[in-house]
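For reference, chains read A, B and C in written order, and residue numbers begin at 1 within each chain.
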Amino acid sequence: MSFEFAKVTVGVIATLALYSVLYRENKFYRLVEHIYIGLAVGFSIYALWKETLEANWWNVMVGKTAVAATATAPAQPATPGFYLFALLIPVGLLGYTVFSKRHNWMSRIPIGIILGFWGGQQLQVFWQTYGPQLQKAMKPILPTTTNSVFMPSSVALSPADTTSMSTATGLTPDALTALSQNFRMSTDGVLEFAKQHSVSVDSVQGAMAAMSAKVGQEVYMSQAVSNIIFLITLLSVLTYFLFSFEQKGKFINGFTKLGRWLLMVGFGAMFGSTVMGRFALLIDRMYFVVVEFLRDGLFKGMGG
Amino acid sequence: MLSLLAQFSAPGYSPEVFRNVWITLIVGFICVAALSFAPTKLRRPIVWVATFLAGLYYILIWLWPTPVNLAETDQPLGGVEATGRWLTNAQSGVSSITQTLTALLLGLGVFSVLRLHTNKLMKKQKDWAFSLVLLLSMFTMIAVAYTDYYQNQNNPKLVDQANWGFFQYAKDFLFDGMLQAMDAAMFSSIAFFILFAAYRAFRIRSVESTVLLGTALIVMLSLMGLAEYYLSKGVIDRITGGNPGHFMNNFALAEISRWIETNVQGPGIMALGWGIGIGALSMGLRLWLSLEKSGGN
Amino acid sequence: MEKLLNINRYLMYMLLALAVSIPFFLPSSCTIIPTLTKASTQDLYINLMQLPEGSTVLIESDWTVSTRGESAGQFEAFLKIARFRNLKFVLLSGGDAQAPQVALNSIARLNGQFKAAGLPELKPWDDYVALGLFTDPASMWQSVTTNFRQAFASKTAFDPAAGQQRSVYESPVLKNIKSNKDLGMVVIVTASASLDIMVQRMSGKGTKIGQMVTGVMAPESLIYYNSGQVAGQSGGLRGVVEMETMMARGVNYSADGKEPFVKAPQFSGKIPPLPESLKPLDRGMSYFASLHAALVLMIAAVVLGNVGLLMQKKKGGSK
């Protein structure tokens, strides 16, 4: 049995043991559960030293000696040891006084320092997080044109537009006028248009992109309605969670009720996404058992 | 920060630095011992000062003008620029301090597990054998992982599996073979519960639950690439004749789910986030200024 | 009707396990599913593929095998792009003690795949540096934006050519990076709220951010994309499949002059597919058919439950 297969086999046994709780709690499950917690805690202790404390505390505290240059590497200068970092040990260990009835107030000192650092960042964090969101939430709710409900496939080009697009894409004004009648074409349509007007596909696509951009500057009815729904959702959900005043009156009650319904739409979408996430984890585990262990391990080994 | 501490430094790895580390530790523990005798009246101010000074650093680094184009060798002009430079330079030291303190505080959870199971084992309480297994696996992992690490430090060739020895194989077996497999199995078992819970509880009983169910079904359908592709490309293309400008394209499954995502799900979650953000901001300020009633009592 | 309302839970568990397992035995031609790509995933992919060769990306890997079904595919997609575009990367973690080791194992696994395909492996020191775990990622990100050359000053990595540990700033990955603005991009692969900590401190600071998140986190993190705080997002297993689809088929690209499979109207250029040797359709697509089966079962279970309820109500009403 190869090392890799032994690893997979133990993993499968552990997986089945942990899945056995789906039937009912049993000793086999509890045994593997305790091994799991033990290994996880053990690894955390190791990782805290290796990944964090060694570099961020020990190396800063004791420094490093100089390393002479070699044929392949330049000299490494010595770094001094900042021995005051040793104070972090007694300060950090104060946290463990939480288990003492008499001295547990002292545990609040290191926790206070960490919370202080966190609290001090919140002002900056708040604006950086919600400022851009607030700005993006300010969407136009009035249409700028009533020519079309949805974004149209045609555009009226001014002489100036035609000139600039013609210069940029190399299409003749006639070709541009023809294209402006229906600039949202399938690839086959683009190929045919390019062939008909003896121009390159890239220049047709360039002109189509320019026309899309021109049309996209307007706010159409459909976009305005979507933006109104966006704004209503935002405000009604905010109102639903506003507890600073008593929610009285028909309008406010109706509005918060609407907020609850719209929130349910959001939660429904979140549920769908969460289901995908959870199923993906199960699929991976079943892949591990069925493909990595059975198909590529056990049966392949037997076949070989 | 580290330049400020320069007068409290010694040559790296020298006997002097180790001597000073010991002295600092002893002084630190004496201070802790002295602190334990602090009168009740002083306790709250002590915690307040520690919390306030920690928070003040990040307030200052946010509000204080940052020197522009000031090279390391340049002399700062005046106190504002000097303070700005000091705050900027202190960041990595502050980061080291918080990484260290957080790591030490994370050890609290480990200590708690250790304490619980050692007690259980010593007093031979119910299921003490499981506690023994837990402690054994924990110490085995620690011993194996540290030995592997130190062997790796001294012999970089061990990175290559061809040169592995016992401890490298043992660590890989414990970490990748056991711990990771168990971790994955534990989390994946939720899928079974979700399926059964959805079957039992996802019922049309009110307007809210109907809306929730309807949206969830649309989103689940749209997550299936095949369903989305054929309902968008197949059905809609047949109606529109493949014309991308046709207005029926707006009713493709992909478009509907994106519309829900952008115009209903998005602002709903955004509104929740703003509420949480305001809560976090006020909590942050209360903690920084020690306005929380329980702090230090 | 009673039967519809009381299906045995063990039967459902069994059905779910079977539903997700059976697609693994289907031939690969049946499990390659045509998938439309969202603008958010397109933007992430386009941004990564548009980075100049040799750029340095800072990647925060905060996932463990508990979310391998989603996060491994995301991380591997990034590694393949990094290999193809010769991107260098700084690897760090800010959420889970196991995450740094899991990321290194993932790199080792993919290096095996590259080696077998005759491609160069991703080499530590030259192609990437691993900085380990930061127990307080908030202060680490503050340092990255405030004073980049000091943020990782205590970190060293082994330089194989020199045969010694050296400061990570001397590595080819970081030696030309003076501030966070010199980074090509910052990418986070996460299964936790470490995303918020990063975005809150890095957005608007002159570095593009890409997020690769789990399905559970995708809806809430999409807000960051919609408000322009991050440049792109890949969400959950579906996001992995979308990334793989673009890697396999390109963007706005068609070899035979037909309609491109992936059309990104927001992008005027063309991106050809990745070579077959990089195995663009990989983990995500292998799992996608199973996801279909599981979701069909879920929808069926919900519909059955509701049909049972309606029938019961009808029966109650007629009495």
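Following the convention adopted for this analysis, a contact is a pair of C-beta atoms (placed from the backbone, for glycine too) under 8 Å apart; a residue touches a chain by one contact, two chains touch by 3 or more.
Keep in mind the model is a prediction, meaning the values are calculated, not measured.
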Neighbouring chains common to chain A and chain B, by label: C
Top-ranked pair of chains - ranking by C-beta pairs in contact: A-B
Centre distance in Å when chain A and chain B are each reduced to the mean of their C-alpha atoms: 15
Where chain A and chain C are represented by their mean Cα positions, the distance between them in whole Å: 9
Whole-Å gap separating chain B and chain C, where each centre is the average of the chain's CA atoms: 18
Shared-contact residues (touching 2 or more other chains) in chain B: 58, 94-96, 98-99, 101-103, 106, 175-176, 179-181, 183-184, 186-188, 191-192, 198, 213, 216-217, 220, 223, 261-262, 265-266, 269-270, 273
Set of chain C residues in contact with two or more other chains: 13, 16, 66-69, 98, 101, 134-136, 138-139, 142, 154, 163, 219-220, 223, 226, 238, 291, 294-295, 298
Contacts with 2+ other chains: residues of chain A: 22, 40, 43-44, 48, 50, 52, 56, 60, 114, 117-118, 121, 125, 129, 133, 137, 186, 188, 266, 269-270, 273-276, 278-279, 281-282, 284-285
Touching residues on chain C, where the partner in the complex is chain B: 7, 9, 12-13, 16, 33-36, 38, 64-69, 98, 101-102, 105, 124, 134-136, 138-140, 142-143, 146-147, 150-151, 153-154, 158, 160, 163, 219-220, 222-223, 226, 238, 241, 288, 291-292, 294-299, 301-302, 304-306, 309-310
Residues on chain A engaged by chain C in the complex (per definition of touch): 22-23, 40, 43-44, 47-48, 50-52, 55-56, 59-60, 67, 70, 72-74, 76, 114, 117-118, 121, 125, 128-129, 132-133, 135-137, 186-188, 191, 206, 209, 212, 266, 269-270, 273-287, 290-291, 295
Complex interface listing, chain C residues touching chain A: 10, 13, 16-17, 20-21, 24, 66-70, 72, 93, 97-98, 100-101, 132-136, 138-139, 142, 154-156, 159, 161-164, 166, 196, 199-201, 203-204, 214-220, 223, 226-229, 235-238, 254, 257-260, 265, 268, 286-287, 290-291, 294-295, 298
For the chain B and chain C complex, residues of the former touching the latter: 58, 61, 88-89, 91-92, 94-96, 98-99, 101-103, 106, 156, 159, 175-176, 179-181, 183-184, 186-188, 191-192, 195-196, 198-200, 202-204, 213, 216-217, 220-221, 223-229, 232-233, 254, 258, 261-262, 265-266, 269-270, 273
